[in-house]
Amino acid sequence: METGSTAYILICSTLVLLMTPGLALFYGGLVRRKNVANTMLASVFTIGTGMVMWMLFGYSLSFGTDHCGIIGSIEWIGLNGVSLTEPYTNGSQISNMTFCIFQMMFAVITPALITGSVAGRMKFKSLVIFIMLWSIIVYYPVTHMVWGNGGFLKKLGALDFAGLGLHVTSGVSALVLCILLGRRYDFKATNYRIHNIPMVALGSFLLLFGWFGFNSGSALGINGTAVHAFITTAVSAAAAMLAWMLCDIILIGKPTLIGASTGIVAGLIGITPGAGYVPVWAALVIGLTTSPICYFMISCVKKKFGYDDALDAFGCHGIGGIWGGICTGLFASTSVNSAGSDGLFFGGVKLFFIQLAAIGIMIILAIAGTFFCYGITRVFGKIRVEEHDERIGLDRSELGESAYPSFNGLD
Amino acid sequence: MIVKIEAYIREDKMEDVIDALATIDIHGITCYQVMGCGSQHGVKEYTRGKQEVELHLLPKIKIEVLLSTEKCEQRVIDTIQKAAYTGEKGDGKILSYDVRSAMRIRTHETGPEAIQPSD
Amino acid sequence: MIVKIEAYIREDKMEDVIDALATIDIHGITCYQVMGCGSQHGVKEYTRGKQEVELHLLPKIKIEVLLSTEKCEQRVIDTIQKAAYTGEKGDGKILSYDVRSAMRIRTHETGPEAIQPSD
Amino acid sequence: MIVKIEAYIREDKMEDVIDALATIDIHGITCYQVMGCGSQHGVKEYTRGKQEVELHLLPKIKIEVLLSTEKCEQRVIDTIQKAAYTGEKGDGKILSYDVRSAMRIRTHETGPEAIQPSD
Amino acid sequence: METGSTAYILICSTLVLLMTPGLALFYGGLVRRKNVANTMLASVFTIGTGMVMWMLFGYSLSFGTDHCGIIGSIEWIGLNGVSLTEPYTNGSQISNMTFCIFQMMFAVITPALITGSVAGRMKFKSLVIFIMLWSIIVYYPVTHMVWGNGGFLKKLGALDFAGLGLHVTSGVSALVLCILLGRRYDFKATNYRIHNIPMVALGSFLLLFGWFGFNSGSALGINGTAVHAFITTAVSAAAAMLAWMLCDIILIGKPTLIGASTGIVAGLIGITPGAGYVPVWAALVIGLTTSPICYFMISCVKKKFGYDDALDAFGCHGIGGIWGGICTGLFASTSVNSAGSDGLFFGGVKLFFIQLAAIGIMIILAIAGTFFCYGITRVFGKIRVEEHDERIGLDRSELGESAYPSFNGLD
Amino acid sequence: METGSTAYILICSTLVLLMTPGLALFYGGLVRRKNVANTMLASVFTIGTGMVMWMLFGYSLSFGTDHCGIIGSIEWIGLNGVSLTEPYTNGSQISNMTFCIFQMMFAVITPALITGSVAGRMKFKSLVIFIMLWSIIVYYPVTHMVWGNGGFLKKLGALDFAGLGLHVTSGVSALVLCILLGRRYDFKATNYRIHNIPMVALGSFLLLFGWFGFNSGSALGINGTAVHAFITTAVSAAAAMLAWMLCDIILIGKPTLIGASTGIVAGLIGITPGAGYVPVWAALVIGLTTSPICYFMISCVKKKFGYDDALDAFGCHGIGGIWGGICTGLFASTSVNSAGSDGLFFGGVKLFFIQLAAIGIMIILAIAGTFFCYGITRVFGKIRVEEHDERIGLDRSELGESAYPSFNGLD
């Protein structure tokens, strides 16, 4: 256990943890006043379920001894035998438990991302069941495949620095789930105006803050890669913020705070898969391209197909993640990180197709897994709230509280 | 006789109206924010990317002024009209109502005295 | 002659009422959130654990509609009634008042013209 | 005959007024926050260091009560007056208006029945 | 001075510092609109008083050369002679000044906890005087007793990993103070609805974020214990969050965001005394039990006895802390931390009774100290605001500002 | 690359980054409701422009090979050749890229400070152009002069631990810019009441949180100076908070949350230039004096001269920074930091006058630079919004969004 690295990863873990409340503010600010508390709770309850499941069996299933390259084992049930001081892999700068802590935060935030697409119409109970199942059926396997010792995507040579699998599966699952659920009843009729913009902005900045832990911490120690991932993350987020503002200016004539906030998040998603593999200039390119792509998905494709991805969980996380994974296949360079491979741009055709294949596999896994989890969740009762409950808002109908009882205003 | 003037005006005209009323010595005013629509049918906005939102109801200010003489009434209405005018749709309306009775809580005064400024 | 309709309705019925009024070609509306009680005595809620709180005042929406003809009045009241109805206590009330005078700020029009939709 | 009582009162007197009305069996109330000025000209406040700010409009509560009998009217006004009284400027006013018609949405009742408490 | 450990403890110090504003949001969101600014200032002014007092004499009194096992000395007045590079105790990984900084943050947050019980009725001036006295009379001694070299509870063998003394004394003092002050005048009549739930949630998440610094940092360096305290903290918070939500579902039919937020805080309090001593599974047990116990105190006991602990400073911090201290006596294990002892569950009867005794002594100290400080504070004038001031709200009467002047609504 | 130090500086970088959103909340809460989103975006867009410019040429211009002691070179364009593992200066504990990352965050927050003085009346487009120009014309040179290898103020012996140049130039530029722009049209008529006090408080606490990274991180590694800068920062902030509250009590009869929040920020600004050079007791003195001086500037001088420094960017940052620079000349001591010099108080007359001279040069640079940038910005169109746009608020006119559409209230 190297002290500087351990200090870094433990602090990075708290930063990543803060992303979940950041997401709750980000999502909570975007919904209508009557759904705020419900949307926030939907994002943060995974702190409870995610951590407890991770401690009980999640870590073991994700990172325990490999089975067929697909799933771990049950050797570390209850974190028994996870060493406080000995490393997970030989040569790692941090101990197994430190690694487990860091990864735990990923297991908390990932399922929370999904909840954005179903805001305003899913029963809270069903959401909890779905998310818990999804963690087991989709998240633990995908984590094992890309990061676990013996994971088959890892062996294949797919590169995922800090969260390709995580963004693709959660984004695609969000899409499938929102289609299965159907649109909010007044999707066309009403305005879904953002109820509290400063709250959205604060959320996105907490995400930015935590994301440095997410990406740079994924170097799993203090080394050149950690520093490199830090700077690429910053550059991509900044570039994407500017790119989104530019899109806003070109298409609607004015920049917006919402746009700037969304752009930052898009840029962070885009750089995540390649943060430690691509050169700094590529981070600029990734940031500049991710925003327009997400912008286009949200503004045009979503409208065209008419699915109700309420808070653009797919439009941002799914698409941004997929694009980031492709860019890793384009721009990864062994001169940046010898543990990686060369991307298409540096002559590495193989990596490019491996990345595409990996993304394809993740998408299939996410779609199949979502259908499966949805099916099981239905066994436990209706998944969607009644129309009346949707109208009065999920805060009142699902939680029995209202977010701002002392403030007047029309929702 | 007491009348109550109510006006729906633009948000950004509120300070002008209050100032204008002060110049004709009307200091008793109550106001609050409301949402309204009318000839001004609402606006299209974009939110997060180019997602259109139609806003039927726009923020307006409602002002209430109590007056004690009929002569005054027209002057107040004209003053408000002038101060709140832009010429664009959405400028709003000014209404007047009859008040049956009025009382000032602090002094028990009733009738016109109740709403005259007092020191 | 001009009348003003005021209605206290449930929060979640606001959109329905506005839509219903649109179908009978009433587009001028002003509304805002209020807190009210009545036959519906308030509710008991729990806050932070099982600490009871009694909420006397519940959120409602108040809608104001100005109309220029008496015939129209009944139709509007009926439309609102239908759209705002649930049958449970707390559905609210619809009232009408006489308006002495009205003026459209944008055009100086007074009387019924002031509140008729204009383009 | 139906009348509507409107009162502008101090924020901190709202609970007292509601309680006082309850003692004379008036339970139907609607209220909301407004901003107002009058004899009470506004206050000077300091913000961030000693930077003066003049606040013309102060927060007040507006209460609306619908009543069905004229006898009751005076009693309600007196009750509100007593409960809202402090003797300082800014206590507010109590007004009453004639209501043309009323309807309870839940029951279609019109006239005085519409606003009488019902179970 | 070991660099990794020093880096860790300095960052942990900033995390702990952020807990005080977190508490201000947590408390501020829970009160009525008319008391928001006052409640927040009551929580944060301790940043000013606590730090300045700590620098002037607090650190010296708490950790200076021992006197009778009860209090330190005045050798480090003004932090003179506190070394930037030499350790406080032999073998410590961090320097004396780093330790002083870390402990300073504890001295800031602890008295802030008390202010929750008296929200909405105590004069700000009296509160400041009371809190400053309380720090000297109760906090510095109790800190010395449990953590100072030569402190008698430490010598006795009482275990307090990160804040048993701190939670018990502040919680109990909060109870005594709120009883001495009396109830808010409209305690029965009105509804004390929470005015801003997202604010409460944000506050609780900042508390969670900072608490990792609090507990894990209490290992005073990067070592196995720091990693262990980190994972137990996470597990307990998560379990308590779920447990509180479960209580809500069972007793009032629906989970709430307020409940989830309160549960997280309860779980953090419960694990604090034992974070570095109990096994991971015990953290799960502690989390699962602390929530129901606090829930019961708040819902039933408080109602029964009718004291007006406005924001449940006693119901959460006092009770949670006491329970956490008892659990340490139950579940501490030398196999987890050789510096600890075995709890009842592992055959260590002695530790269990020492813990009970220590808690008893802390309670007595807190009660006596609160009476004493209250008495002195009264010398400086009325402690409670006038009824009229209480009605118009302490924001206007005590601070002359109103928290949200541009937003309408009934308080 | 020393791991503990690198971990520390990377985390400090994220803390400093969080200051920009903290500033956005601080400023956003202070303005009227109709300008919230615009004010916040004005503070945070520098995350986009600042980071991208820093990566493209900013770092190189600021810290590249010296030219005349005034500006760097273009050798590190696009961060090419900035080493991930080799240090910037011989003997430094952190690598060049780590240093670049840390300094990048300074380049983000500094121009954001300026935006406070022009809130509510400047075109967003013009603001962006002005800020980008200002970074090049004023910020990069001043950074090079005080911190760059070969910078002439550094060679002169001027001491700037963590941001004298930064506060003086941004503060003075804010003053010049607000005078050039003119007052808000209803500056006299209306009340500029703070619209959301909890938001201001949260902002100031995030600033406090991040400022530890700012000051302590400026030691550029884990060493005694980092620890020392940490404690002086804490003491000064705390003392200034108390001093401001005291001013409030003496002059307007009541403490305020706004005052406490502003005081903390003032104290942080005051200690910044000398954090690693002055003894702890001097930090107390600096904190206690900075607040009254800023208080006086805001309350009296600003009123007297009638300039409309809307959010007191000059009154706090400019004045606080200048005072802090003078105090460094008074209280710096080689016994605290052998890399510094002795201040007037310790017999070092020379340092005192060097500090005064340096501040003078910075002021001149800021004034000249601001005029220059203003001139160029005018080429791109009107700088001030129309009166009508000012009235309806810059949220609607410049961004086309409104911050809180679901809440009623008078602005």
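Letters A, B, C, D, E and F name the chains as they come in the text, with residue numbers starting at 1 for each one.
The rule we apply is simple: a contact is a pair of C-beta atoms (placed from the backbone, for glycine too) under 8 Å apart; a residue touches a chain by one contact, two chains touch by 3 or more.
Since we're looking at a predicted model, the values are computed, not measured.
Path length between chain B and chain E in the touching-chain graph (shortest route): 2. Under the contact definition, chain B and chain D share the contacting chains C, F. Between chain B and chain F, the least number of touching-chain steps is 1. C-beta contact counts were set side by side for D-E and C-E; C-E has more. Interface note: chain A and chain F, two copies of one sequence, contact each other through mostly non-matching residue numbers (shared numbers fall below half of all numbers used). Centre-to-centre spacing of chain C and chain F amounts to 51 Å, using the average Cα coordinate of each chain.
Chain A and chain C have CA centres that are 44 Å apart.
The mean-CA centres of chain A and chain B are about 49 angstrom from one another, to the nearest whole unit. Residue positions 31-35, 45-47, 56-57, 97-98 of chain C each touch two or more of the other chains.
Residues of chain A in contact with at least two other chains: 2-5, 7-8, 11, 193-194, 196, 252, 256, 258, 400-402, 404, 407-411.
Taken as a graph of touching chains, this assembly has some other topology, since it is neither a line, a ring, a star nor fully connected.
By the definition of touch given earlier, these chain pairs are in contact: A-B, A-C, A-E, A-F, B-C, B-D, B-F, C-D, C-E, D-E, D-F, E-F. Every residue of chain D that touches chain B in the complex is listed here, in rising order: 3, 7-9, 32-39, 41, 56-57, 60, 62, 77, 80-81, 84-98. Taken in their complex, chain F has these residues touching chain E: 2-5, 7-8, 11, 15, 32-33, 93, 193-198, 201-202, 205-206, 208-209, 212-213, 216, 221-228, 230-231, 234-235, 237-239, 241-242, 245, 252-258, 260, 263-264, 280-281, 284, 404, 407-411. Every residue of chain B that touches chain F in the complex is listed here, in rising order: 11-12, 14-15, 19, 31-35, 45-47, 59, 61.
Chain C meets chain E in the complex at residues 35, 45-51, 53-57. Interface residues of chain B facing chain D in the complex, by the touch rule stated above, are 2, 4, 18, 27-32, 66, 97-106, 108, 114-115, 117-119.
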